[in-house]
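Quick one: structure below, then a few questions.
Going in written order, the chains are labelled A, B and C, and every chain counts its residues from 1.
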Amino acid sequence: VTIITLTTDFGIRSGFVGTMKGVIYGIAPQAKTVDISHNIAAQDIHEGAYTLARAVPFFPQGTIHIYVVDPGVGTKRRPLAARLGEYYFVGPDNGLLTPLIEDAEQNKQPVEFFHLDNPTYWLPKISRTFHGRDIFAPVAAHLANGVALSKLGTPFNDPVRLELTRPEKTDRGWIAHITVIDIFGNLTTDLPASALQGRTDVLFRLLGAEVDGIAESYGHNRSGDLVVVVDSEEYMEIAVVNGSAAQKLGAKVGDIVEVINKD
Amino acid sequence: VTIITLTTDFGIRSGFVGTMKGVIYGIAPQAKTVDISHNIAAQDIHEGAYTLARAVPFFPQGTIHIYVVDPGVGTKRRPLAARLGEYYFVGPDNGLLTPLIEDAEQNKQPVEFFHLDNPTYWLPKISRTFHGRDIFAPVAAHLANGVALSKLGTPFNDPVRLELTRPEKTDRGWIAHITVIDIFGNLTTDLPASALQGRTDVLFRLLGAEVDGIAESYGHNRSGDLVVVVDSEEYMEIAVVNGSAAQKLGAKVGDIVEVINKD
Amino acid sequence: VTIITLTTDFGIRSGFVGTMKGVIYGIAPQAKTVDISHNIAAQDIHEGAYTLARAVPFFPQGTIHIYVVDPGVGTKRRPLAARLGEYYFVGPDNGLLTPLIEDAEQNKQPVEFFHLDNPTYWLPKISRTFHGRDIFAPVAAHLANGVALSKLGTPFNDPVRLELTRPEKTDRGWIAHITVIDIFGNLTTDLPASALQGRTDVLFRLLGAEVDGIAESYGHNRSGDLVVVVDSEEYMEIAVVNGSAAQKLGAKVGDIVEVINKD
């Protein structure tokens, strides 16, 4: 059984996502589809990138991930299919895959990109504004049926890449950045827990607030407390117990978090 | 594998949709379910009609579409099952199928309606307010199992029909109407691109705004520009690049769009 | 085919739910997943309890229900797997199963609880904040593969229980309470229709409003009317025809509804 996931900014009101699944099941009735998110902020490639990158490692080998956050639809931006390690990806060449490409390169996994220029594997009629339905869904379904990547288009090796924030070492600790704000208002940063090397006597400063030390989990503090925890992907996260840190601090993606060693 | 789709105004908080799928899989475990939308505006048969009609042609033959936008639940409105061309439909007889019935008739495809009056294929106990679970879900599942339409109820041929807007020819061009507002705030009209016969020197007027000409796609203009494009179903659409035309213009379904030939 | 349902307060933006399904399909590719709700109010065990309890009876025997409304994640609250009658449940031991446990006990069905303390059936690495992905999803998938409950952990028999409201008999009728507010703003109460023994000459008083008698269904009244109906689970419900009773009355879960026999 091949799994095809979908990550889009389509929302869930319009019927666009269901339409893509209709196309997929018409070509690959044996496939299973999984929604990752359809509520990526409109055209926010950055949010799409982190959302997809966090989910991908938990899927079985061979899973095909479609992403459609596509401000450039109808322009000359390339539609692509990619292989990154054990996974396949289908979507516009707009940088959304950057964290996954960097992970694969770092782990010396196979990395291949193909410009989807073979209409054999598209719907017969291509609209100007809905390539998710007309190109990406059918291409993913044909992949699920065993069509080789190389049949779908022409190889290339210069995919668009996003500039992602990186934590910077300072003489007092680190400058980190907020990368993802989740549905609970928790603020994930780009600082891996490993950067602190087990140290817990650390001060976190962001947006005028200060948190002293790292909490074991949300549940050990009082409702409303601002805490720092290690998140589920082993990155440092700022949270409010039973509340929203994003709301409390007015935080947004890209905001700076200063991390200061106390001794 | 038979696909059963669901289109409702239930929202996604209540558990109603999952409950319907529980009923479906209890009767037809081999079926696949696909959500089209559960965020149709409450009891908005018109929005449901366009949302379903746009998705249907992209599903494989034999797909069964359940729709539950049902202001008349518990009154004498008929529950129905229908065949329109290659597709099956199950829901209340309230006009939601109108665009699909008209398409099927225009294309001289088979059109059949059955009043669901045979409780053999319902849940044993029927509530007054949740026919989606008690009648439509089990009927669709039995259809997926191969039960003939004619076993489900009594044939009839006068389904309720909506009055849909139609574009009107004027001596300067067309009067079109907004039919669908999507999640991005794009405004679809009832004017098919073919009505313009390839002409692009056209002026669009709506809600005090004016757009000159037709854009190739969203991506060729600047953020915030109001543009007219051909949408993914080949209808004329008003959009704001990287923004919401609905919000910018305060548009609603039914609003008039004047289309004026410039020479 | 085994069905695994998911009920969470994760919302649908973050990708958390899709990630759980990736874990499930990696272990049990033959399973089918069904979303019940991912929009339970954050950490609202009470809403989760009623939402899950209303959906469960409509699923086929052997269905496995995962629930993750989990304010205590990372503390010592027990992760559990349970059997209640013909169904299986996996989630935190926090009372969310109370209505289902009480139903099973009342119907003298088998009731078993196991503390999930066997990491064999978890992901290799357990985060502090996302047990849905790391413990509950893989445990449910192993259950779907036929692993016995008793292999997953240690039996126990004192699950956390919520205090649920109960209707109280008075000399004039009943004191009932609002238990669930659905997406339409309908107010379900804890008073079963059977408590009225067929009587319809009854007055309902709540939040300063009064409703005289019980309506056959929504459709028999005028838009905006406040009515009392029997809901789809045979409980008394307060509704506004084509509107929201919750909004009209400012109602919240737990509010009192006085039911007064008129003779």
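What to note about this one:
We take it that contacts are C-beta pairs under 8 Å (C-beta built on N, C-alpha and C of every residue); 3 or more make two chains touch, one makes a residue touch a chain.
This structure is a prediction, so every number in the text was calculated from the model and none was measured.
Interface note: subunit B and subunit C, two copies of one sequence, contact each other through mostly non-matching residue numbers (shared numbers fall below half of all numbers used). When the CA atoms of subunit A are superposed on subunit C, the rotation angle comes to 120 degrees (nearest 5). Centre-to-centre, using mean CA coordinates, subunit B is 31 Å away from subunit C. Residues of subunit A in contact with two or more other chains: 12. Residues 1, 3, 5, 7, 12, 32, 34-40, 51-52, 54-55, 58-60, 63, 182-184, 216-220, 229-234, 237, 242 of subunit C are the ones that touch subunit B when the two sit in their complex. For subunit A in complex with subunit B, the touching residues are 10-19, 21-23, 25-26, 29-30, 33, 42-43, 71-75, 77, 127-130, 133-134.
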